[in-house]
């Protein structure tokens, strides 16, 4: 749809801005971002965010949420999961690098100063499209709109389409709402939101881009690996991504073998799961695991 | 299903009425209805409701909810949208003329009088089927059951089927509940309801047919154009329908052009959306808009 | 997924149990179970539960929820329906015999005694898999986890898969949560749960197997016929199953005839529904009903 | 407080109306009101409402809510109780005659007609103060504001004070909100409301005065006896008031005697309550009841 | 109030029972109760429950909820606290021994058997008053009514009064509702309930007396020390009571000293709390603690 | 109470910190704070916050919430009000200068860096007491704990007592919880919180002191005038405080006069409120207002 208060006449444009224009209250300098994410073993994007490699993003598409959960739980990072979202495309896994945006309720005295500061430095006014225009392939747009429904819609179908193009189908997580649910439903990118509402975004200030934000009970850092499925969304610190992927292979094989055994119909669940009780079965499993891991790695190397 | 308290035996009928029988507490004479909807430029149905033409109802099926919202917002009619419904067939747009029914909690002293008055005038007792039997092609049945779940089910699958037949697939909006969700799911008519529940309707009085009713935060007038999508339901005063449809063409073209530009991959979102910044692009857009509107109108005329 | 706290290393197993191990606080001896379900006219399973015959379970798959409701309502068994669940496979009817499991919040002093008692009798520690391993074909696993979300997940995809195998696709109802929603979605067995959550089950005690349990506003007895559809779940005492099935044939025919009449487009809904008003139509219906019931029974006998 | 959008300057008044001005959509002619409340045995107020006598209103202050409930339950009027309110003065019983007001969400096309109709008939525009100015001693103001919080405040402390003066402390029930909770707390009149909010009433239309209204699950008729305590509010049809008061004497004595017996400490509760088991105690109770009822009636006559 | 369906006529009693009459589904033999609470160091009541001594109950009245919490937390008994209640008398501490009662949703087939079994053994039908009549001084009545509001009222003012007399003001905790809130408010016994409602108890079965019950997230054992304050209710296993009381003295003195220091106005909070940083202050505190504990113990001994 | 995990033994201290220790993620340098609050006409506190004068704080205690609302509404600052709190002392007005603290969900990788940075600069670790120790007379502690209940308790009774001492009874607003509700109830300082809970604060990081924070739908700036009553809390930008106070005098007199007129019993509410209709009454009011304002100002000058 064409912006909340958009009016167009054949002979000329009368445009009321589609979103709220604001300047940034919270700054998180690139060096701070680098410092606070120093445990990431990866390269960095030009904006300072850790760059989980594209190849790992691809492999992460094959994860199950619980494989993600298992590693985070072992590391005692128990605050990295948020749920309670409406899921745009159940069954379509979301994977990408967190690009964070923070909004706060509008107050004009603060915004006037932010704007004056922006002008002083020759910068344009900040608005939701400022952030959106900075998105890169592989990003997931993560927006803290503090659970706002009315006037809390980060995008409608036009901008959601743009985000899909810009991120190469990365995704959107908003602790707030979206517009044009029918329109979004036809666009092939994962989306997680609290509500759908017809109003355009308004009565808020954009207070930070790529600053730490809170989504539900999670502190999200720019560059976190975002993983979403039917249940909810995980924000994985980059330093855990490799281990998580490697470990997942093992869990995949474990589950494969377990189901195979259940299919045989000879065992009670506790004889097989979570690990086989009988030493002979243990041996069988160990060999199966070894063989399958080798196959998987070989197959991966060949790609 | 065969009515809440339905009992049938091969050799004879013992019927306990499927719904609640009532007489109408609130009257809204035809002249009042005509007066209060006098801004409608259209013909009227025999019952006095404005008759948004069938051709416009057909065109309205192509609208997006936000095109509906945009006109209402511009007219400062900001109380015409209700959400929070369960949507029977997501992706199937609902369009039609509002046929309204109001229920209130039962009290026997009131109902006895209503019934006596009905008898005096030689009228039958009012019941939910009395209203349903008055539906016409193109109608959407809009029912105020004040959010009732248990005993607040306006129809089960039998009557929902009948409503589909009688309205030619118009639709149902109930601020209350329905029965037989499995059965309804197989019937091809849009439905919006708060809950599904197995109980039949009961413990209520039918207090008005084609009177103004409240659905969520909306005052619905009989004859309003009802428009529903995945998000919720709009009730559009007839006087705005034509403008809304005309304007929608423009927005359609705007969004078409915007996505085309995004597909080119050369522009930031703010260069294009909500309107192009570069004068040359503006010119390009203006010409595109003109050309496409002409095509659309031509195509429409040809139909 | 491989159990909440599952850790496996190629060269050896370090297993942290996937669930909570407990001993049973409430006992409901086989004789008590037989006594309290004495009205069941059917055989019994080895564990004492009434065994609604397989043939009736098959026929019950063709029921609509409201046919179930109608019989229960007539018998004044109005507390046998629970809703508010997330439904794993909408449109897939669940039918089977209730196998009940009860959990309560953990307290170590109680659990220590339970365990000591178990050891004394040479029994293994009770855990969720103990119950799951007792499931039989045709069972529906019915679990009272008192609405627990975090740490209240009765199964993940491995055990859900096992339950499907063991019950021949019977089903699961849990007043609590499940893990691995993406995984479960691919397994062809009905499931009803309050939440999905990534945590494994924990901080609870298994307090009873095949004891009476409470699910929402229902007292569920082991062996009840469980029936689930898009709306919710019914727990039908075995003594009503036959009558319910027989009566359903009649309601099926009634609805068939009603829709046929509506399709003719000649009648108002109240002329036909819930029963025809015109004596000639009544006669027509009566004959139709008789003929169709005969056909149905014949067809059934032939199977 | 001085009205939502009130502005006053020493040298002159610039007044923006404190409430929403509207004309009445629903009319309920005096004769209809009389007809629908014809079972009332009492005189009528000039506006047609039944007038439960002042003396009965006084006696009703001594009732407990459950004495009210008992009569309504016996008469099978089970929809006359609403709860979920914030109670302004817990412990202060509210009793009076219902004066009802109905609001609906604003739509300008409807309101314009209502206003034109009012002007045509030489009537002033309707606003919340129009209704408030019609209140009489002994009234309780009962307002359907459909649960609105923001912009749904029927009064602030100035008008609440006026209502207290006009009704002689009758009371207020609003399915909506109030302003100035601190101010209201100092005014000695019972109040029942859903929320407190600082906004003035707005974005609504007054659609009916002394028409049937819905408060929670109750259909309230003008002239109903309103009774409120710590739990909630009852709306009693006038025809039941006398019987309710007479019966209450008996229940009062019953409870008096029951507590006296419990105080003796010789009996188990079931030996005494709800009625004595021992024939000798029954006899004792019967005599006590007779004596006390005589005393009460004598005392009442003497007043 | 005089019982839900109580009817009394001067010349004779027609009594419809005030509550629901039932037989007990779950039995928890005295020996089982003794076994499962074997860690209690105290004597037992005749019904087998541990008897926390009266003197400790008296001392426990001086506890703060957090002193209770601290001991339970240290013992890793983190499931012993329930909140979300309406508190009848905020500021009045509740202390006593848990007397537990369990209800489940009614089903007649089960109840008929229970009743027949009762009759067979010459027992009376079980009803809520059966349990209430078994209360002893020092008891707190703890009732699992599974959060039921309507028809879930364990007592009205008559029976609440009786409970007060029988328990010597012990208290009531019900995961359900009460009637007669105005009446209860005048009776000097602590009460914790989810709702107030005018309906009498109904549509439930009494399924256990002094069996383990669940209140919120707590498994309550008969004989637990119940402690309630403005926040919620703790259920303390008897084996922890003595240590809790002794430790509380120390915390009392600690808080006393801390506030004294804050009153001096010389220190930042972190210099004093949670423990003094300066070795001299530590010494001062240690001496103060020693002196005050001696005083307290002396004082206690003298009582 | 003595700290969540406090352990003290007579012969020595073993202290586990009462709160969560953290370093500050968001910095808001003093100059930024000065810039963003540049519209304040007042002096500044040493930490850079605007200092609304003590005399104005005193006058503000006499305000009603709606007088506060009226000025904010006129200035179009409609996002400065938060409600939905539990109010510790209803009837006790809260007034003071906002001292803000922000927490976010804990993640160890971020906290480790913060701590290392703190150590590098020779600073102590940040914890909740660090913030509390910086409070000054006239402050209200405003804490963003993102609505956390369990582990979201900013203070118990010891620290609440300290806050009262340090702020001279200023107050506390926490979008989170408190401990020791019984203890707090005895301390004479206003408190606004979402929940009471027995757990100590934990699993969070202190991310900012005197940074802009969000409380409900409000962006709170350090130094805002905080005003709380029975309904909720306002955060008033300092630049509006003087005008608000002056205007309040007029509204006070207006309400005084209005009630006086209502007391006379001669007028309908609309004749007097919101402003008198009759020119003679207008004149009377104008003179009354003038006289009373003079008196008030004189009285104020004399103080």
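As written, the chains take the letters A, B, C, D, E and F, and residue 1 is the first residue of each chain.
Here is the rule we go by: a contact is a pair of C-beta atoms (placed from the backbone, for glycine too) under 8 Å apart; a residue touches a chain by one contact, two chains touch by 3 or more.
Here the structure is a predicted model, which means the values were calculated and not measured.
Asker: Under the touch criterion given at the top, what is the topological distance in steps from subunit D to subunit E?
Answerer: 1
Asker: Please find the path from subunit B to subunit D through touching chains that uses the fewest steps, and give that number.
Answerer: When the steps are counted carefully, the minimum from subunit B to subunit D is 1.
Asker: By residue number, over half of the contact pairs should agree; on that basis which option among B-D, A-F or D-F is the same interface as D-E?
Answerer: Checking each pair in B-D, A-F or D-F, only one repeats D-E, namely D-F.
Asker: Where the centres are mean C-alpha positions, what is the separation of subunit A from subunit E, in Å?
Answerer: From the centre of subunit A to the centre of subunit E is 47 Å.
Asker: For subunit C and subunit E, what's the span in angstrom between their mean Cα positions?
Answerer: Centre-to-centre distance between subunit C and subunit E: 35 Å.
Asker: Where in subunit B do residues touch at least two different other chains?
Answerer: none
Asker: Draw the chains as points, connect those that touch, then say whether the picture is a line, ring, star, complete or other.
Answerer: Per interface graph, the chains form some other shape.
Asker: Show me, using the given definition of touch, all chain pairs that touch one another.
Answerer: A-B, A-C, A-F, B-C, B-D, C-E, D-E, D-F, E-F
Asker: Report the residues of subunit B in contact with subunit A in the complex, numbered from low to high.
Answerer: For subunit B paired with subunit A, touching residues are 64-67, 69-70, 73-74, 81, 83, 90-91, 93, 229-232, 250-251, 254-255, 258-259, 262-263, 265, 268-270, 273-275, 282, 286, 289-290, 293.
Asker: Applying the document's contact rule, which stretches of subunit B touch subunit C when the two form their complex?
Answerer: Residue positions touching the partner: 1-8, 10-11, 13, 15, 17-18, 127, 129-130, 132-133, 156-159, 161-162, 165-166, 179-183, 185, 196-199.
Asker: For the complex, give me every residue of subunit A touching subunit F.
Answerer: Contact set of subunit A toward subunit F: 25-26, 28, 35-39, 76-77, 79-80, 104-110, 113-114, 117, 146, 148, 203, 205, 207, 211-212, 214, 217-219, 221, 237, 239.
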